[in-house]
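Consider the two complexes below, in which chain A is the common component and chain B and chain C are the respective partners.
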Partner chain A sequence: MLRVENLHVSYGKIRAVRDVSIEVNRGEVVALIGPNGAGKSTLLKTIAGILKCESGSVFLQDEPIHNMAAAEVARKGLVMVLEGRSTLKNMTVIENLILGGYMRSDHAEIAQDIQRMLERFPALKARQSQRAGTLSGGEQQMLVIARALISRPSLLMLDEPSLGLAPLMTAEIFAIIRELKTKHETTILLVEQNARQALQLADRGYVLETGRIVLEGAGLADNPAVREAYLGV
Partner chain B sequence: MIDHYTESILIFTCINIVLAISLYLPVSAGLLSLGQGGFMAIGAYLSAYMTTNYGWPFEVALVAGGLAAGFIGLIVGIPALRIKGVYLIIMTMGFGEIVRVFFLNFEPTGSASGLGGIPHYTTLPVAAFVAALFLFLCFQIRGSRIGRAIQAVREDELAAEVVGINLTRIKVGVFGLGAFTAGVGGGLYAHYAMFIEPAQFGFHRSAEIFIMVVLGGMGNFLGATLGAIAVTVLPELLRGLQEWRMTFFGTLLVIMMIVRPWGLIGAQR
Partner chain C sequence: MLMQQILNGVMLGSTYALIALGYTLVFGVLHLVHLAHGEVFMIGAFVGLQVVLWSGGGSLLAIVAASVAAAVIGMLIYLLTIRPILARKGHFLAPMISTIGIGIVLQEVATRTFGAEQVGFPNRLEATAWHIGPVTVTSVQLIILSVSLGLMAALHIFVTRSRMGMAMRAAAESSVISHTLGIRTDRIILLTFAIASALGGAAGVLVGLSFNAITPYMGVDMGIKGLAAMLLGGLGNIYGAMIGGMVIGVVEVISVAYLASSYRDAFAFIVIIAVLAIRPRGIFGSTHHVEG
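Up next, the complex of A and B:
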């Protein structure tokens, strides 16, 4: 589904991502873990078309997308949930959800999807005409995920969805991701600081350190190096 | 019937509403411009030249003036994609000056001595009709799919992009539409003033339009409308103060910005 080949990304002279190749297959949940500043977010943003790569290529269903603008990439079905509650804070909850359907033209079905999201997330339903900025951090994160789902992505990329959330909220967000995986077979590329939960949930994982993939595969949670560095056991 | 003086104030109010909307449109997508006077000049000169020299019907000339300004607006709008905030303001200011100096040296439209003998076509019903039309347009945009996209772009460009909103199209489109509106406003102005010269479209005009929108409230086209009314009518009401009137008006603006920085209409954020 998604294939990244030999990707290099730089901020000026600083090379943030070096020769990274990863792959995500249909229906898979793939976790990308690594320390702060390893280039995880940079990699995700580059795949989403927000940042430009220096060299290398990104294919979505065998179509090259590495030269496309972010909006175009989103239209291809690769939707990213940005780090840190990227709601439109002065717009209402409902308006945020409606914007999720911006790329679609089947109005009746968009309305149904929005209803479904409101049923799934009662917290959002209760606050649907409130400005998104008045929601709690966890609720905003739910709203952003719901908004992304309304655009019916073929691949969903989540950048640190549990960042800065209370433990209970973190658990809730992971429950949502698990539900997406089991019930809806959504393909997900997940970047997380919370390595333990991310690896438990994911089918496979990649470990990124200083811009390079150092480990990859299934069962990373049992790998002694990963256990020591990221799981603290 | 209303007397001549009142009529002229009402006509200027309508023209200023059109001009305020011309700035409100780009501002609604977060693009600040101090060059609307330039677009106004393009519309004013082109439409006036056509009606005066070629006897074009007013409606046709007005739309042609608007389209010319809108076209230039699209071109100017493209670099506007890359620059933001203060830098965009400076760029649009520079553009306004370029237009003014161009007409100052452009012989066919009378260069520095101005263009006179323009037919008096802008009556109160015409001005009111055009203003109503643009208000209706704003009303239609708000709450529409495009309207929400514009608001999203103003609030958070990155978040807007990831839901699939094409930043380029929204920004350039809205900037061009604003320029078109300013061009039409310029056409209305020219056919009421019956004489135009480059100085009328200089920086102070752009700043006046800017004040209308900021005073009224940047988040809402009704705010821009109210700002236009205030900027037109208040100085007239203050005529009793004679030479102190603009000083007093300025003081009012200062107080206003301290007390209600978000404008007459619009929520505190």
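Up next, the complex of A and C:
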């Protein structure tokens, strides 16, 4: 479904992603873990078309997308949830959700999807007409995930959805991702600091360190190097 | 007396508000002060005048024609003089300087075409006046008020009820988040210029109607008033622009009525400076747009 080949990305002289090749197959949940500053967000943003790569290629269903504008990549079904609370803070909860359906034109079904999300996330339902900026961090994270799901992505990329959340909220976020995987067979590329839970949930994983993929495969949670560096055992 | 002055002030202020909305919409999506906007307003007034003269049509036709013409000019200004400069990622002031340039060009084109003299702006409205208690409303005033308030209401409905309008607010808040939602911000920006300029063009005709005269230089004064109204209301905030315009209009008219008329602008700007000294971000301003 998604194929990244020999990708290089730099910020001026800083080389943030070096010769990265990864793959995500349909229906898979793939985890990408690595220390701070490893280049995880950079990689995701480049795949999403937000950053331009120096060299290498990105294919979505065998179509090259590395020269496409970010809005066009999203319209191809590859939707990214940015790091941090990427709600539209001056807009209401419901407006955020409506814009999740911006790429679709089946208005009746969008309305149904929005209703379904409000049922699934009662906290959002209670705060429908509140400005998103007034929600708590966890609620905002729910909102961006719900908003992304309303766009019905063929591939969803989540950049640290549990960042800065209390354990209970983190568990809730992982429950949602698990639900997406089992119930809806959504294809997901997940970046997480929370390596244990991410690897547990994912079908496969990649470890990114200083811009390079250093380990990959299924069962990374059992790999001694990963256990020592990321799982603290 | 006071009621009458307030009504007159609101009428004048509503045209300021229309102009201020143009600045604030463009500022919202591009963080750019569009300094040719006053000239877009002026061209709108002249297009409206030509339509009235040639077709013998009424004021409403003139307003529609002026809005369309201004929208086209506004989009061309963006496509030809702003976007190419933004694409080169030069100094942040470069696109603003470019808008000053195109403003001067528009002024000179208007001077060559229509002459530097003030020209009369006829209206074919019956000069009816209604007396409601102590207040007198003329048909021209009624048109100006209903058109400007109607346009503001329409803009409010557009940005809060339509997906396109929400996308415009999203683009103003964060282009990166907008892109992840599939919003093509380049098109939204173009649409923003069209709407901003159309409001300015309509305001041009309304000002022509209320002062009965237009000149190629009218964009300078009115542009500054519009800019001030935007600042007063809060950069990038459309409701701020509406309120800011009204406040300046009312203060101006009341200062003429009760103080010295030769100080009308000075007094209006003293009030603006006072308000900004107390609330530097304007009445509705947030830190958001200022800090980007």
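Quick notes
Here is the rule we use: the second predicted complex is superposed on the first by the 233 of 233 C-alpha atoms of A that agree within 3 Å, B and C clash if a C-alpha of one lies under 4 Å from a C-alpha of the other, contacts with A are read in each partner's own complex, and residues count from 1 in each chain.
The working rule: contacts are C-beta pairs under 8 Å (C-beta built on N, C-alpha and C of every residue); 3 or more make two chains touch, one makes a residue touch a chain.
Since the structure is predicted, the reported quantities are computational estimates derived from the model, not experimental observations.
For the composite obtained by overlaying on chain A, chain B and chain C cannot both be accommodated without a clash. Of the two partner chains placed around the shared chain by superposition, neither chain B nor chain C is touched by A:194.
Of the two partner chains placed by superposition, A:140 touches none, neither chain B nor chain C. In the superposed model, A:80 makes contact with both chain B and chain C. When both complexes are overlaid on chain A, the residue A:99 reaches chain B and chain C alike.
Judged by the touch definition given at the top, the superposed model places A:186 against neither chain B nor chain C.
The intersection of chain A residues touching chain B with those touching chain C, taken from the two complexes, comprises 48, 50, 69-72, 74-75, 79-82, 86, 88-91, 95, 98-100, 102-103, 147-148, 151.
Contact residues on chain A toward chain C in their complex (touch as defined above): 48-50, 69-72, 74-75, 79-82, 86, 88-91, 95, 98-103, 147-148, 151.
By the touch rule above, chain A contacts chain B in their complex via residues 48, 50, 69-72, 74-75, 79-82, 86-91, 95, 98-100, 102-103, 147-148, 151.
Touching chain A in their complex are the following residues of chain C: 163, 166-167, 169-170, 173-174, 176-185, 286, 288. Of all the residues in chain B, the ones that touch chain A in their complex are 145, 148-149, 151-152, 155-156, 158-168, 269.
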